[in-house]
Every structure is written in C-alpha cells, then in structure tokens.
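After this come two complexes, each holding chain A, first together with chain B and then together with chain C.
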Partner chain A sequence: MIKTEGLSKTYVTKIKKGLFHKEKKKVEAVQNLNMVINKGKITGLLGINGAGKTTTIKMLSTLIEPTKGTAIIDDLDLKKDANEIKKKINMIAGGERMLYWRLTGKENLWYYGQIYNIPKDILIKRINKLLKLVGLFDDKDTPVERYSKGMKQRLQIARGLINDPTYIFMDEPTLGLDAPIARDLREYVKKLADEEEKGILLTSHYMNEVEELCDYIYVLDNGILIAEGSAKELALLVNDHKILRIEIDELSFELEKAINNICTQFSGEVKYTRREQHAEIYLTTKEDVSTSIATLLTQYNASIKKFLSEEPKLEDTIISLARREKNV
Partner chain B sequence: MYRFFWRVVKAEALKKHRTTFHSKLVYFSMLIWPILTFAVAYFTYKPFKLSAGAEKVGYLNDNNLVIFILIGYIAHMFFHSLVQSAWGFSSERFWGTLELIYLSPASRLAFVLGNAISSLFENVWLFIIFAIMMFQFYGELYFPGIGLTVIGTITLIIPAIAWGMFLNALFLFSRDTRILFTILEEPMELFGGVKLPVAIFPLWAKIISYIFPLTYSIKILRRIFLKGEELVQLLPILALISLVTLIMIIITILLLKSGEKYAKKTGNMALF
Partner chain C sequence: MRTRILYATFKRNFIIQRRAYPLEFFIGKILSAFYTVLTAYFMYNLLFKGQLNDSFSEFTGTSDYMSYVILGGGIYLFVVGTFLNVSRSLITEMRTGTIDSLMIAPFDRVGYFFGNMLQQTFTTSMEFLLAIIISIPFGINLTGINIPATILAFLISLVAYFGMSLILAAGMLYFRDTYISQNTVFLAILLLCGITYPIEYLPQWVQYISHIIPVTTSLNMIRNSVILGMGIPEQLNNFGYLMILAILYSVIGFKLLKRIEKIALENNLA
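After this line comes the complex of A and B, so read on.
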C-alpha cells in the first residue's frame, strides 16, 4: 500500500524584472496531500491542468523531492529509502517519448531490463511475456520508429512493467490515441490491476476513462485535495441536480414560457437551441421534473423526438468542484 | 554492486551503438570527414619549408610532417567524437528517457561512462586503420617499444573517456547545448595543437590550450612517436595528464550529483 502523509511541494520560480533583477515567486504545486493507493486497485488522480497531478506522480516516483510530508510505500519511506522504492515502482506516460526509436521493441525492453539489474534468464522470459501481453510479439524486431502511435504506447506499457513493479504510475496513458486503441489499452490497464495485482495510480483528461477504470478517485485543484471517493460518490457530491435533454419538432414561445415557469419553480436552469428542423431543450433542476415537462409537452401537442433523463457525469463534477473552490 | 555498474556500462554502450549505427552510410561518413580534414591540413603545410620553425619544434621536419599531423588527428578524433556524441546525449533529456534512467536504481556514472566508451571506439577505429596504413607508407614513425606504445595508447584512451564522461554530464544538464558545442568544437582543434605545435603559440593561446586534455595527449604521443623520449623524461607530463583526468572524473561526479539534486528540487532537469 502507498500512503501519503501531508505530501507537499513548493517550487520557487524566478521571474525576470529587468536586466539584472529577478523576483522569486513561490508556487504551491501540491499541498498537504493524504492519499492511499492499494494493490490490485486503480486509483484516479484528477484535476484541471496545473492541479498538481504530475508533481504528485513525480514525487511518488522519487524524481522530485517533497518540500514537506512523505509517503510510505510498503513500509519504505519515500525520502529515506528512495533506491529501494525505485525497484518497486515504474511510470508510464502518454505520448511517444521515453522510447529509443532506432532500437527495436525488444531492444528497448532489453535495455530497460539491464538498468534494473534483472537476471538475464528472467529478463528474456519477461520480455517475451510482456511483448505477448501488449500484442507486440510479432513486431518485436521492428525498429520503434516504424511503430504506429498505438504500438508505441503499448510498448510503453511493457516498458513500465519490465521491473515487475508493485505500483505503476500512469500519466495520461491514452493521450492522443484513437478510440479503439485507447479501449484496448484500458483493457490492459484493467488486467494489470485485476490479474497481476498491480496498484495503479492513473491520471487522465478523459473522464469516461477514469469513470470506467478507477475504483477510487482523488480530485486536486491548485494542489489541494478537494474531493475523494468512487466515481458515483463524487458525482453525487455536487450534482444534486437532474438533467433533461429534449428534442422536439417545433418550440412555440408559449411552451417556452411554460417550461421557464417550471424551471423557476424547481430552482433550475434551461437552455434552448432552435435549429432548422427541430429545437433542443437542456434542463437542469434540483428535483426530478420529467413528469411535469412530459405532461406540458403533451398539452402543447409538441412532437417529441428525444426525451432523455441523464445521470450527472464525472466531468461535470470536476468542473463544478473546481468552480466551487474558486468561489470559496 | 560492481557487477551491476558494469552491466549498465555495457547496456548503455550497446544502446548508444545501436542508435548511432543504424545505417551503413554512418561508417562511410566516419572515414571520409577525418581524411578530408587531414588532407586539408597536410596540403596547407606542404608549400612551406618547415625547417624554418625547427628552432621551436626541433623534431618537426619536412619528412615527418604527415606523421605529425596524423598523430594530431588521431588524438583529435578521440576527443572530437566525444563532443559530438555528448551533444547527442543531451537529447535524452528532451526525449524523457533521462527521467526513466533517473527512475531506475542504476548508477548515473555508469551511463555517462558507457556512452563515452561507445562513442569513442565506434568513431575512431576506422580512422586508426587509415592512420596505420599511412604510417606504414611514410615509414617515419619512431617505434619506442611495446611498453611506451601501451603507455601512449592509455594516455590517449583514458583521458578521452574521462573527457567524454565530463561532456556527457555537462551537456545533459545544459539548457543551450549549441553554445557549449560551439565553444568546445573548433577551439579544441585549434588550441589542442592538432595541426600546429603548441610551442609556437603566444602565451595567452598556450594558457587556453592547456584547458583541453587533448593538448596533453597529443604532446605525449608526439614526444613518444616523433621525438623518441624515454619514460623518465615523460613522467612529469604523465603525472599532469593523470591529474587532469582525475579532475575531470571528479567534476563529472559532482555535475551528476548536483544535476539530479537540482532536478529533484525544482522539477527541472536543466541545471544551467
């Protein structure tokens, strides 16, 4: 288990204020973060850009030293036992970097295996196993520069597993990938937690990905932990409102007025979009008004094309949480 | 621990070799460029009578000019290849692979050493073959015996590797590697005494020339293979080059340590 205790990082940046004068500015990247990452579970770390996700991952990876606080990784202290911790962890980042393009997939894994001092016989078996796991065994002798984006990303996953880490930190692992490839990668990630018992910390901009994969989520904003829980718990945390998405053939001004009345009554908000062939209504209210709206539409003889009552999404939660923090 | 260190050195050297020698054309360019620059230097001297300068450089004459320049160029090849390779090594930072190296428990010194060894041997062997052929052809090379030949070779290889390690560490943490490359590339050839003997330099140029370890290596090689000096006569300069090598290794270790410390503190891998 990884347990962070008051983990904090403050950067000091220098800003030029003239030819010879520089002003120091403190940036609190992460403040007093307490979180837990369990083996066999996928833990999400969310937040809008600059929230402190990458700094947190880099601190846990021993690449950046915390200013305050620490983390205990299977009884090892992040500050004192950095070299032992390095053997237990690995990091996978999105994009096409972190690989040697002129080497083949197999050579890349061989190189990274060497720098972890993995015994030769184990390394050979592991390389073959990992290449099969990520579906690159047939392309193992092809230089990485000839790999597609998806293949490179799959090789990154194999690379991140070369030292058989107990914990893997994944920073935007599906960044820039096409939907089918991203879906395959999500499958690998799930397998790693379910079958290989790896503890995974995942950051992603794709909220559906986080919703689908993560057992528990931490939400950061400006370096501060503002919420935590499962995707469902988080959605309920701020999204106590209901969403109605309606499409009708024609929207009369009388009907609009009647909908506005219901909306005001239930402290909601409504947005209308009139298109050439139809009109769209997007309604958010504190309580479920679907029955009242459906009755109203029938009364006004509106021809209903779509009538959807939607569950609040994690994405809305994150945005609402971030907004709420700014207003506080 | 010791075995792990050398395993990383070997892995890094092989990785470096595979990433550099991806095409047969690389082997061709390795030989063509040094031969061309050597030819330019030789034919620049050719029209002039060298005996005029014999007062300052007694051993240099019209007959051993080729050997004089060849020795300069062999030594230069060793050190020059490392400047170029260190420039390439700095890309580890941009490609994020440096982060992965830092993520591993491997010795950082092993990386710079492995990279330097690989850069050195893969870049010089072809030119050495060419030089040996030239030595055979001109026959003006003095053979000082196996002992001094080995010493001469060691005083070329070890300082060159230390120079490579130092440059790798320097380029790895430098924000603008182009400046370093410009500072080190051309001046090293000029002040190192590759084409001109350092003895004829004015004092200010002599001071600059002793910044480059190449100067010491060339001087030792010429004193062994052209002047025919004995080990006793060489001892002071051998001690000097050992000291310079040691200083380079110490600076390399310090650079690696401060670069990593700075990266841990600021999240930025560019130290200067």
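After this line comes the complex of A and C, so read on.
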C-alpha cells in the first residue's frame, strides 16, 4: 500500500522584471496531500490543468523531492529509501516519450532491463512475455521510429512493466490515441490491476476512462485535495439533481409551457433544442420528475423517440467541485 | 559502478550511432581526420613557409611541427568527442523524453557515463587512427615513440576529459543549452591548451588558466612520449599533476551533476 502523509511541493520560479532583475515567486504545486493507493486497485487522480497531478506522480516516482511530508510505500519511506522504492515502482506517461526511437522494441526493453539489473535469463523471458502481452512480439525487431502511435504506447506499457513493479503510475496513458487503441489499453490496465494485483495510480483528462477504470478517485484543485471517493460518491457530493434527456417528434408551445411549469415546481432547469425532424429536451431537477413528465407527454400525444434518465457525468462533477472550491 | 549499465549504454549508443548515421557517419569521420591533417600542412607550409622561430624548439623540445600539430589535432578530436558524447548525454535524454524513465530506475550514473565515454573513445580512436594513417605522407614522425608512457598518458587523459565533460554536462543541463556552452569550451581549449602552438606564446596570466585545464598537461605528456620518446619516470610530475586534476574534475563533476539533475527535473515541471 502507498500512503502519502501531508505530501507537499513548493517550487520557486523566477519571473523576469526588467532587463537584469528577476523576482522569485513561490508556487505551491501540491499542499498537504493525504491519499492511499492499494494493490490490485486503480486509483484515479483528477484535476484541471495545473492541479498538481504530475507533480504528485513525480514525487511518488522519486523524480522530485517533496518539500514537506512523505509517502510510505510498503513500509519504505519515500525520502529515506528512494533507491529501494525505485525497484517497486514504474511510470507510464502518455505521448511518445520514454523510448529510444532508433532502437527496436526488444532493444528498448533490453536496455531498461539492464538498468534495473534484472538477471539475464529472467530478462529474456520477461521481454518475450511483455511483447506478447502488448501484442508487439511480431514487431519486436522493428525500430520504434517505425511504430505507430498505438504501438509506441503499448511498448511504453511493456517498458513500465519491465521491472515487474508493484505500483505503476500512469500519467495520461491514452493521450492522443485513437478510440479503439485507447479501449485496448484500458483493457490492459484493468487486467494489470485485476489479474496481476498491481496498484495503479492513473491521471487522465478522459473522464469516461477514469469513470470506467478507477475504484477510488482523488480530486485536486490548485494543489489541494478537494474531494475523494468512488465516481458515484463524488457525483453525489455536488450533483444532487436528476437528469432527463427526451427526444420527441414535435414540441408544441403548450407542451413547452407545461414542462416549464413542472420544472419550476421542482426547482429545475430545462433546455430545448429544436431540430428539423425532432426536438430535444434536457431537464435537470432536484427530484425525480420522470413520471410526471411521461404522463404529460402522453396527455399531449407527443411521439416519444427517446426518454432517458441519466446519472450526472464525472466531468460535470469535477468542474462543479472546482467551481465550488473557488466560490468558497 | 555497475558494469552491466556500462556495457548496455555502450551497446545502445553504438546501435543508435550506426542506425542514425550509417554512411554519413563514416564519410564524416574520414573527412574530419583529413581536414585536421590538411589544415596543419597548409599552416606549416604556406603560412610559416616551413620556417619556425627558434623559440618553438625551445618551448617544445622539437622542431617537428607537423608531428606536434597532428598530435594536437588528434587529441582535440578526442576531447571534442568526449564532450559531445558525455556532456550532451543527459540533456539529450531530457530532449528525447527518456530522462524520467532513466531517473525513476535505480540508475547508476558512473556506469552510464563511462559507457557513453568508452563508446566515444572507441569511435574516436578509429578516427584518430585514420588521421595518423593519412598523416604519414604529410610527415608525421613516430619513430621515437615511448609506447608505455604514451598508453599511460592517454589513459589518464581519458579520465581527465571525462571529468571535464561531467562539469560541462552540469552546465548544459542547468542552462538547457548545448551549442553555446560546448562551442565556448571548444574554442577555449583550442586557444588556451596548446593544440596548434605552445602555450608559452600566451601572456603569463593566461598560461595560469591553461595549466588548470587538464588538456594542456595531457597534450604535453602525449607529445613528450610520442615525439620526444620520454618515459614514465621522466614525466612523473606531469602524470601526478594530471591524475590529481582528473580526480578533482571527476569528483566536482559528479557532485555538481547530482545537484543540477534535481534542479533540471524540477524546472521541467515548475
């Protein structure tokens, strides 16, 4: 288990003021962060840009030192036992970094295997296993520069597993990937947690990805932890309203007026979008009004194409949480 | 030092170099060796008309300018090669986005840098040998060479160049620049360390600076061993002095690099 205890990071940046004068400015990237990452679970770390996600991952990865606080990784202290911790962790970043493009996929894994001092016989077996796992075995002798984006990202995952880490930090692992490749990668990530018992910390801008994968989520805003819980629990924190999405053939003025009345009655909001062939109605209300609306539509003989009761999306939740924090 | 990292880095660089510059690399090496010798030849025969001031012999102990300058040029190739490979290694990792994946590992810097240096020494040695072969018709004289002294001088010199390149690497990483830093250092070495002329021609205060740059003593030792045939006992002071400089530069280099690495990784985020 990884447990952070008041993990904080302050950067000192220099801002140019005039030709020769530079002013120092303190930036508190992460403040007093307490979080837990369990083995066999996927933990999400969310926040809008500049929230402190990458700084947190780099601190946990021993790449940068915390200014205050620490993390305990399987009884090892991040500050005191960095060299031992390095053997237990690895990081997978999005984009096309962390690989040597002139080397083949196999040579890349071989080089990183040497860096981790993995015994020769184990390394050969592990390279072959990982290449098969990520579906690159047939392309193992092709230089990485000839790989597609998806292939490079899959090799990244293999690289991140070369030392058989207990914990993997994934920073935007599906960044810029096409939907089918991203879906495959999500499946690998799920397998890593479910079947191989890896503890995974995941950051992503794709909320559906986080919602699909993460067992538990931490939300950062300006370096401060503002919420935590499962996707459903987080949604409940801010979204106590119900969403109703309806599509009908024709929206009469009378029906619109009747829907408005129900909305007002239940402190809700309604948005109408009229298209050529149909109209869309998007309702958010404090209480479930689906029965009242369905009755109303029947009374007005509306031809219903869609009638969906939706849960609030994680994306809306994060934005609401960040807004709420600013207002406080 | 972990020899596996040394070997792996040596092999990695070799493969990358071979794939990145298959033909251009080979032609480039031949040309740079040829240019070094040709420049020396033109300087001596066209600029100096084959005539040298008596002071040259007085300062160097020889009147064989061609051998003097070809060795100077060859050693300069080694220094430049070491700097280009070792000094630029970490900033190149940073630019290619591989620095995080290295630093997150239990990464042995000594093995890594030595791997970089040895791969460079291997390729530059080929270049140096080529320069020597090309130099034979231009008049290099190796008849009086003292082989043990030459080998020892060369080995200590490599460590000294290595130490210098670590300090330059820290500078490059801190300023996030390669071209201005490396070219300034290359020019300083060319002007101050006696590559094409004895440093005794320089003002006295500049000579003090020359003596704290290891390349000056290294060149003196190699020339003394190759051209004048001087043995190890006759050059003990020089060997000792260069050894001290080599250790000093390496220790300062590693310490500085460790500090700068942290700053560089944080600046990546700040």
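Everything below uses one rule, namely that the second predicted complex is superposed on the first by the 328 of 328 C-alpha atoms of A that agree within 3 Å, B and C clash if a C-alpha of one lies under 4 Å from a C-alpha of the other, contacts with A are read in each partner's own complex, and residues count from 1 in each chain.
Following the convention adopted for this analysis, contacts are C-beta pairs under 8 Å (C-beta built on N, C-alpha and C of every residue); 3 or more make two chains touch, one makes a residue touch a chain.
Everything numeric here is computed off the predicted structure, so don't read it as measured data.
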{"item": "Simultaneous placement of chain C and chain B on chain A, clash or fit", "value": "clash"}
{"item": "Partner chain in contact with A:93 - chain B first, chain C second, else both or neither", "value": "both"}
{"item": "Partner chain(s) touched by A:76 [first = chain B, second = chain C, both, neither]", "value": "neither"}
{"item": "Contacts of A:64 with chain B and chain C, given as first, second, both or neither", "value": "both"}
{"item": "First (chain B), second (chain C), both or neither touched by A:116", "value": "both"}
{"item": "First, second, both or neither for A:103, with chain B first and chain C second", "value": "both"}
{"item": "Partner chain(s) touched by A:1 [first = chain B, second = chain C, both, neither]", "value": "neither"}
{"item": "Which of chain B and chain C A:55 touches, first, second, both or neither", "value": "both"}
{"item": "Chain B versus chain C as contact partner of A:27, first or second or both or neither", "value": "second"}
{"item": "Residues on chain A lying within both footprints (that of chain B and that of chain C)", "value": "11-12, 29, 55, 58, 61-65, 83, 86-87, 89-91, 93, 97-100, 102-103, 107, 110-112, 114-117, 143, 159, 163"}
{"item": "Chain A residues within the chain C interface of the complex", "value": "11-13, 27, 29, 54-55, 58, 61-65, 83, 86-87, 89-91, 93, 95-103, 107, 110-112, 114-117, 143, 159, 163"}
{"item": "Residue numbers on chain C that touch chain A, as the complex places them", "value": "2, 4-5, 7-8, 12, 15-16, 19-20, 96-98, 100-107, 262, 265-266, 269-270"}
{"item": "Chain A - residues contacting chain B, complex", "value": "11-12, 29, 55, 58, 61-65, 83, 86-87, 89-91, 93, 97-100, 102-103, 107, 110-112, 114-117, 143, 159, 163"}
{"item": "Sites on chain B touched by chain A in the complex", "value": "4, 7-8, 10-11, 14-15, 18-19, 22, 95-97, 99-106, 263-267"}
